[in-house]
Each structure stands twice: as C-alpha cells, then as structure tokens.
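Paired with chain B in one complex and with chain C in the other, chain A is shared by the two complexes that follow.
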Partner chain A sequence: MPDRKKLTVSYAPFWHDGSSISTKQYHIIAATMLAVIAGLLRYGAPALGVLSLSVGSAMVWEYLMNLATRRPVSIADGNAALIGLLFGMLLPAVTPWWVVIVGTLVAVVIGKQIYGGIGGNPFNPVAVAYAILMISWPIYLDFNAALVNYSFDFPAAYPLVLMNAYGAGGIEAFSLTDFLMGRQTGGIGATFGLGLIVGGIYLMARGFIRWEIAVSFLAGIFVSALCFNLYDPEAFASPGVHLLTGFSLIGAFFLATEDSSSPVNFIPMLIYGALGGVLTVLIRNQGAHVDGVIYAILIINLINPIIDKIRPKATGRVMYHA
Partner chain B sequence: MSDKKKRKVAYVIALVCLVVGIVCYAALPDRSQQEPVRVYYESTGENVLFDHQSHSRDFQLGCLDCHHEIAQKENGSHASCVSCHTAESSLVPALGEGGLFDHETHSQYYGLSCTDCHHMYDPESGTSPQNCNACHMETGDDYMPGLADSYHQQCIGCHQDFGVGPTMENCNDCHGPRKRADAFHDQCTGCHEAAKQGPVRDDCMGCHAY
Partner chain C sequence: MIKRSFFGITAPRLTYEPIEEAFGEPMAVKPAKRITLLMDAPLGKAGGILIKPGEAVLEGQRLQLLENDPGNYAVSPVAGKIFSVEPFIGMMEKPMTAVVIDVEKSGERSRDTSFKEAAKSTGIKEAVGFFGGLPGRPDFKIFSDSGKPVKTIAVVGTESDLMGVTAQYVIGSNIASVKSGIDAIRKITGIHNILLFVHEQMAQVAGASGAGIKTVDMQYPAGSRDMIRMALKSEPARDGEIAFFTAEAAASIGAAIQTGELPLDKLVTVVKKDGTRQIVKAPVGTHVSDILEAVRQGVESMDKVILGGPMTGYAIYSLDQPITQDTDIIMVQDSSAIPEINDTPCTNCGACVRACPVDIPVNILVRYLDAGEYEQAAEEADLFACIECGLCAYVCESRIPILQFIALAKHTVQRLKAAEEENA
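Moving on to the complex of A and B:
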C-alpha cells in the first residue's frame, strides 16, 4: 500500500494570487510607504534610525538562521525585511537600539524561523515580538515616555492613554481629521491613518491581502466600539476614534492579514477578523492595557486553526479501498 | 533577475539599512542638559507627564518660580529636582537636603541635646560624636541592638515620648519617597492653587494618568 501520509495537503480552497512570495512581500512593503514617509517627516532622523536598524537587523537574523539551519538563504524573498519594517513602524521614534535588535531577533527567530520559516508560523511574528517586548520593557514602548523631547502642535499625550484615563472627554482636543492626518503621537508608521488606509485598499484591490479579514477586523472594532459608546458616551470614545487611533489600522491591514497565521476560508476569515476587532475594543475599554490590537491578534492567531475548520462540506466522500 | 542576483541586492539592502541605522543612532543629540520639552515620571500611582515647555513658554512662568533659589545657587544651573529631593538613599530617605536624616533641624531647632541621641558620647571629652554605625553593626546581639533596631528604638522612642514626628504607625514618613513626591506635590499644586489654574492637590487624575 502506498504511504498515504507522504503528501498531506490542507483542505481546499487554496488561494493563489498569481504572484510569487517575494512579489507579494514587495507590494506590501510598497503599501506601507505613505505611512512610513509621514512618520519620517514627523520624527526625523531618530525614526529613520529605528526603521533602518529594524529592517537591517531582521534581515541579518534571517540570514544567520538560514546558516544555522542549513537552508537556502531566503533574505531575498522580502519577508524578513517586511517583518523588520512592520515591527519598526509600531515602535516609538526614540527606541534604544538594543530594544530594536532584540525585537527583530524575537520576531524572526521565535516568531518565524523556529517553525520552519515562512508559511509555518502559527502567530504573527511581529505581534509576537511586540508583545514580548511590551511585557519585558514596557517603558521603552511607552509613547508618552519615549517622545518627551518632541514638541508637537497637537496634544502630546498618546490618545489611547488619554481615553483610558479620562474617557471620551480626554480626547476632545483631537478631531477625526487629526487622527486621519497623523496629528497624534504613536508608532512611527502607525499614526498616519489616511496613508494606511490607502495602502490597505491597494493591497486588497490587488489581492495581496484578504479583504475579508481586514474589513471584518475594522467592522469588529466599529460595531463593538459603537456598543460601548451608546452604552456610555462619556466613558467610551466613539467608534471612529477607535478605528483611527493606536494600532487599529496597521493591525487590520498589515498584521491580522499575515498569511500563515490567518484562515483561508470565507466564513472563518470573517469570524477571525471580526473577533480580532471586538477583542481589541474589549481590551482597550475594559482591560488594563492601553491598546488591545497586539494581544487581540495573538488571540485570533491562537484560535485560527479551530475556526478554519468551519468550511463547506465536501461533496462525495473519501474511499480508502477503492 | 536571477536568484543569485536578487540575493546580492538583498545583501546590499541589509547592509545599507544597518549603516543608515547606526549613523542615525550615533548622530542622536544628547539632550540631558537641555531644557526639556516634557518630563515623564514613572510613579507608583499612575505616571505623570509634565509639560515643561508649555509651563515655561505658554503659561509664561519664570524659571525661578520652580527652579527655586537654593537649587539655583548650589549648582548654578537648573538642576534636576531629583538630584536633591531623592527617594532612595541608604539612610532615612525622609528628611532634609538630599533626603537624609535632618541632623541640623533635630539638633538645633528641636531643643535636643547631643547626648539625647549620642548616648555614649561625653561632651566633656573634647571629641565629637560618632556615627551610630561605628558601634552598631548590621546585625545585633543580646547586648547590643543592630543598626536598624537602634535607630528605630531611639528615633521612635523619643517621638512617642514627645508625641511628635513619625512613629511605628507611619513607617512611610521616614521610609517612603515622601520628600521627593512632596517636592513635586507642594510645588506643582501649590502654584496651581495660587494661580487657580491647573490641577489642584485633590485632583490626582489631573496629573497621574499617563
């Protein structure tokens, strides 16, 4: 009898956008550029330092892991660079160099390579790294602390902290246009809402990310934030604010949609995204943490294998001894 | 592009990123001596984000309103408050300049005599008293109390006798970061209350929210 286990292939449907792995990574990198450039303009050389070091060190870690595991060198596929870039975009413009390097080490090695490299990771590598740093050195990822030497022409406190402490009243000084135009503190590449949205739409239109996940993630945020807001408009900010602050947009378009940690079937994708959005708002409004996106994404990554079991029944049946 | 060529390009990109990153980090200005834009305090309450720039520029306060005269004279500069109003110190972090036990106030203003505390000291001898840790070691024995015990017995004993100062009920008045937090609380909220602007003493959340 032939060894049936030799080719274990997961269930259909498969998604192929007609391009290679690297093309996809390059397009995602390109889609971040508006947000990245806005961040560089706002924060200058320190932000450039963080982003470059993040991308460069992520590629070095990938290379070293390739050598250590004796696999073909894979840094040209763009995935390590993308991981480094997204990680850097979440960081404050002033981050100690060693925090950046430890972060990319965790992302590339613990987040990705120990599962066998691209496509094998059950969690989003960037979210894994960020969460571990948040737990280990919270002070370096605290935007209020990190950005004390920047002078802004808008309130300098991180909007989510203000919302946490003072409820909806805490962010009265901001308008939605401020958030959209990046007139708020936050991660280097996470504050320019418009840029992230344009990049996200581009990726969805070209099929490089699944619109089902991104849109349902944002819908999850919107609906749950709306419920909170209707329940107590004083204490809980409006849904628009939740969509445009913190890591909501970068999370929806660039983190939750990461291939190997997200589902491939239609209904599961919707559940996955929506759950991420709802969890984000729950953590923000009810939890101790200021932003919920990173933990929400890790949680949906965790249950991804279970929800991806919800799929159309295959017609016909498997015959073993035909 | 062949795979080999692609890989070469990737090496170059990685290298360029690393170099740019290192250059940017090396070029970061050292801002420690400059007038800060904001000051962030981690605290056991919620953290405080003090907007130095808007206080001195927008609210038009003089530097000396906060960097008070003594601070000015001793350092000739706008030294950090914490350099004098410390919370941590090996001795009692509660009183006096530098947060140490306020010897001068005790010996000169409270009407105590040297031997009230320096119990082995003979004023007639012509010498000067010694520190308690010259005799009292870290750990004591039946005959002689250890250093901490000797402080506790003497300091608190006298306070209790006179019904003054901190006693066993309020450890924090000697041990807590009282002086440091007080320096901020008294000055920040003192001015706010006088100016009738900005968060006052009871409005903890006005400052402790970050």
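Moving on to the complex of A and C:
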C-alpha cells in the first residue's frame, strides 16, 4: 500500500541555530536603552518626543517604501526602528519635528531602501542622514544653540566645541567621570558613556556586533589622540576625553558595526575600525568640523569593499566534486 | 536542534555525538513486504537489461543491471522475486534505477553461493566484484583508474554527520572484522599505507585494527571525508591519491572474508523526534517505513524524514524510499521543529564567513549565486572549494538556504561544462 502521507522536503541543513535578523535588531535596540533612558532623564519630554518621532517616522518611511517598491513589508524586522532610534539618539533634544522627519526620510529611503533594503546599503543609513542634515541645516544640529534654554549643573557648552576652540584647556572644567556619567551636553543618547559601554560590551559578548570593529575603532581613537596629546598637550586633549565625548562611543558600538556597510574578515575589520578611529581624531584635531565620527564612518564605509578583499585563501581547492 | 550559544564571540561549535558505552545490540529489522535497491545507472531504453520482473533472486545474489556495465550491480539482501525495474530520479536529477523485490515469505534461506565459490576458487582478488554491493559501499573503482596512482588508503571511522553513532558502533563492537577487512584491502590493493581515522575516545579500541591510527577532532565537520583529505594532503611527503573506505565497508569486507558469506545488513542510527537514538540493523533496501515502525516512531503529515544527518542528509518525500548502502542515519523531524527558511537578502553579518571551515567568502559567494552568476562564483568566490558541510546555512541569520544555492550552482556549472565538452 503506498504511503499517502505528505512529508516536508527541503535541502540540507535541517537545523538552524535560531538566529534571525529581528532578534539581532531587537537586541541592539535593547542595548541602547541605558543610554536612551539616561538621555530622557536628562532632557525630559522634548527628548522623548524626538526619539518617538524618529522611530515612528523611520518605520513609516520603511512601510511606504515597501508599498512603493512592491516588496514584502519589512518593518517587523526591527531594522527601520533601529535606524530611527540611533538617528534620534544623535540629535539634540529640541530638534524641530520636520528636521527629524526629513532625517529619517534620508536615512531610510536614501540610506537604505533605494539600494534594495536591508543588506544592500553601502553606507550606514544613520550616518548618511546625519551628514546630509549637518550640511543642510547645521544650525539645528548645533548642540550649544539647541540646548540654550536648558540649565544644567555642569558646563552647558558642547565639550567638542570647547576643545576645538580652546584646545585641551577648554575642557578643564570636566573630569572623565563627568563624561562617563553623562554630565555633558550632546545628542540625546550619546552622552551617557557608561551606558553605551555596557550596551556595547553586551552586544560584543553576545556576538550581535563584531567586537573587532568596535575595539579597533576605539583603539584607533586612543592611539591617534595619544600621539596628538604627546606632541602638544596644550593644544590637544587627552585620549580619554576623545573616547568619551561626542559620538565616539555610539559610533564605535552602534554605527561603525552596522552589518551591511562593514567588512566581515578579521584583518579588514581591524583596518576598518582603526582607520575610523584615526580619521575621527584627525577631523576633530585638524579639521574644521567639531566632531569627526560621522564623516569618518562614511569614509570607512566607502573603503569597506576594497579592504574586505584581504581574506584568507580558501583551503578546499584540492577537490572538484564530480 | 542545537541553538546558538548565549555568548556569540566565537564561531559555533557543533560536535559529533560520542557513543554511549554499552549501547547494546542493534535492533534487527526485517523488511515487511518489499525492498528497493537503488542502482547508480539510468535504465537505458535499449536492450541489455539483465534484471527482469518476475525473476527469482537468492539472498546474496549479485544483480548486474546492464549487460555491458559490470560496475553497476547490487547484492540482493533477500530472497524473493523481482517485482519491478523502474527509472528513479535521485538527488540533483541523477538518473538511477530502482529494483523492487518481493520478499520471499517462506523463511527458507535460499542463499546464493557464488561468492563463496569465487572466493574459494580464484582467491580474494576476484571476489572484489561482489564487494561493491555491501553495506558501507566499498569502492575499488579508484584503483583501476590508472590516471591516479593511489598511495594512501583512509578508512573513515568518524561519523558522516552529527547525531550519528553508526561508525563508532562499528569500531566499538566489531573491530575484529574491521581488522580483517583492512588486511583484505591491503592484500587486494597491495597498498600498505592504510590509516584508520577515529574520534579520540575510540582510539584505544581502534588500535587493534593493525592500521595506523589518526584521531579526528569531535568538532563538526572535522570527521568529513573532505576535511580528512585536506588534512592528509597538507602533510609533507604525502603524494598520490587517497582512497576512502568507511569503517563499515571494511567491516563488511572483513565479515565476508571471515565467514564466506556476504553481510547484508546495514547499520543505521535512527534519531527519533525526541532526539533519542536507536541503532538498527536492516537489510540494504529496506523501506524507511518498516524501520520507523520497528522503532515505534510515528510520522505525521508535514513532518520531515531525513536520510543522513541534520547537516548533510536529504529529506525523502515518501516513506517507501529505501535505505541505501551508505545511509548511516535516519532522522525524523517533527513539523513544528522544522526551521523556516526565508528570502530576506544577505545582510553581510559575516556569521557564515566565520563558520566556514575552508575559508570561502560566503557573503560574496551568495551574492553571485543569488544573481545566477555561477561561473563568476566559481572563479571569484571559490564555489568549488565548498565541502558542503552546511554550517553557513546553519548560522545564517537571514535564513538563506545557502547550501542549496551552492549545490545548484555546482550542478549547473558542471552540466554546462559537460555539455561544452560534448559539443567541442
């Protein structure tokens, strides 16, 4: 009697380790939460508004692009929400609503969807959006101008501006502990150094981001800042300051490690990260811009395909399956 | 199913299962009504087919399919009557032939004696013509292929895939047969450099085989033939081809020489839905349904039944399909345990690159394959370096069926190449 049961067939392997894109995105979102909550406590309701609008509008843009390009709806994978969240974390707490929406439009549509969606983007969408806004409306991203109506129990000037204008002496009022504990002005989710470090270590330990990139990015900042500092301690701040101010930590753990725009082989990851760190300090210390992280990340994104060609030779060449 | 570990800095560690001590006797399964022997040759339309429906066959009888192809034969593990001889499409459109035999019910063991006579009268070398049909599929073809002088023989006592314990059981329970099989292979081929590859915990037992012992790591896919071949080729002063035999093949040859009768039962590790194992001994060609019935593993619609292990096996579409000479594992997967696959594009996370044991740039490869650019994939992204271990698809977070892409690409390139050569 022939068996009429219909069995499922598929190709090997029949096991999977259970990882998925959405798991990874949600874990990264979870890892940002310490820094995000610290930012919300510091800046209050306006910050919550910016973050909510950023996450929400990023998801709406993703959905609209899914409809326009007639592709499966992909907002459930969490990637658009993560882009919106990271973008919001870089912004000052009082950013106008239309700047946020234009920013997420650039991030999701120009940064990601026109390349075919997740996995296709050559540049980090968040960095693309932030860079375009920095060029288009620098006034709204100027932390000193934006946060003028807040009163803090620490110097309210953006540390990198002070550093740029007055050298190492400009930030004497701050201690490293201040930076670590978020007692500095800056982006909503970019100031609480300790929270970003804890989140980053969590992601590295769980394998959700590639530790090689984050560690070499920070090492690149440290070493190049140390060189400048040794050359002229008056003009250039110490490496610790560079590591804990501006977008250094959020860039190292959350922006440079974005999958699609970063290399996957070991040595290229080290080069990629280290180069990003060095460029960051170069732009800060020698360039006209206040913070170099965003441009540094865009530049290393650009060279990613070339350096990722440095890879071990495949060893299986001995056979040619018949 | 082994899930991702909590800490994910390192590549995944999938390990072969060590066999429990005192595993006990294998459960003997008899085919209920029919068996099916799969032969590696297409059933040509022209004449010359030697097996005809209705003919009686004896247990242990050599069944040659085509008149002018002595290399394609099976050894009938049962006495009975040929029910049908039909074309069969194997994996990757491979044309094969299925010979279905009605099993004799009478219980009388009418055994074919031609092997015994051949071994007695003309010696062991002539008996090679029977061995190709034995469990473990001993293959001597490579020795007659004069283009490649074989210098080393590797007897593989490692598992073919995760979850299996078949090879370890053969080594642990029947090292005497393995030894006499290795002696026979030495005598037949005249090659003295024979190495037995085993997992560490079997090394002591394996020492009795008289072959050189090499231990293999428990981490998948160290025990696969391709990895063993690469390890051997990387040794200095190792030239010439390597011929492979499974431990079970050696044991089959050994048992045939010792007893004068061809062994006909295949050892299979059955992995049930709950992950428990049962070693089963069944004639080659026994239908999967008979074996699953014997071990009391029910199969529902939409479940998956896999011949071979979880990483490299193949899913069968009907329980009427038989076990073959090299089916080491039968695995049943509940429909709820089947992982979903997806058409999400590659996100370039690099998990596959870190998991690949032969350093293929899988992230680049999968882009070529997705675009159907198979020739470029072969030239630029090491398509043919792949040993098809399945680790890339196992770790893929986009859930791309990467191994299926690779297999399809290899198949297509080779077919194109063959067509080109034909037209040249």
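Simple rule for what comes next: the second predicted complex is superposed on the first by the 296 of 322 C-alpha atoms of A that agree within 3 Å, B and C clash if a C-alpha of one lies under 4 Å from a C-alpha of the other, contacts with A are read in each partner's own complex, and residues count from 1 in each chain.
In this section, contacts are C-beta pairs under 8 Å (C-beta built on N, C-alpha and C of every residue); 3 or more make two chains touch, one makes a residue touch a chain.
For clarity, every value in this text was computed on a predicted model and none was experimentally measured.
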Chain B versus chain C as contact partner of A:232, first or second or both or neither: neither
*Examine A:172 and indicate which partner it touches, taking first as chain B and second as chain C; both and neither are also allowed.*
neither
Note to self: Going by the contact rule set out at the top, does A:20 touch chain B (first), chain C (second), both, or neither?
What the structure shows: second
By the touch definition at the top of the document, which applies to A:75: first (chain B), second (chain C), both, or neither? first
Max touched-residue count on chain A (chain B vs chain C) belongs to chain C
Query raised in the report: After superposition on the shared chain, which partner residues are touched by A:204: those of chain B (first), chain C (second), both, or neither?
Result: second
Taking the superposition as given, does A:151 touch the first partner, chain B, the second, chain C, both, or neither? first
Going through chain A, the residues touched by chain B and also by chain C turn out to be none
In their shared complex, chain C is touched by residues of chain A numbered 2-3, 5-21, 23-24, 77, 116-120, 204-208, 210-211, 259-265, 311-322
Interface with chain A, chain C side, in the complex: residues 1-4, 6-9, 12, 162, 226, 229-230, 233, 289, 299-306, 308, 310-320, 331, 333, 335, 338-339, 341, 344-351, 353-354, 358-361, 363, 382, 384-388, 390-391, 393-399, 401, 403-404, 407, 410, 414
Per the touch rule, the chain B residues reaching chain A in their complex are 3, 6-7, 9-11, 13-18, 20-25, 27-28, 31, 36-40, 42, 46-47, 49, 51, 53, 205, 209-210
Seen from chain A, its contact residues with chain B in the complex are 22, 45-46, 48-57, 59-60, 63, 73, 75-76, 81, 84, 97, 100, 139, 142, 144-145, 148-151, 156-158, 161-162, 165-166
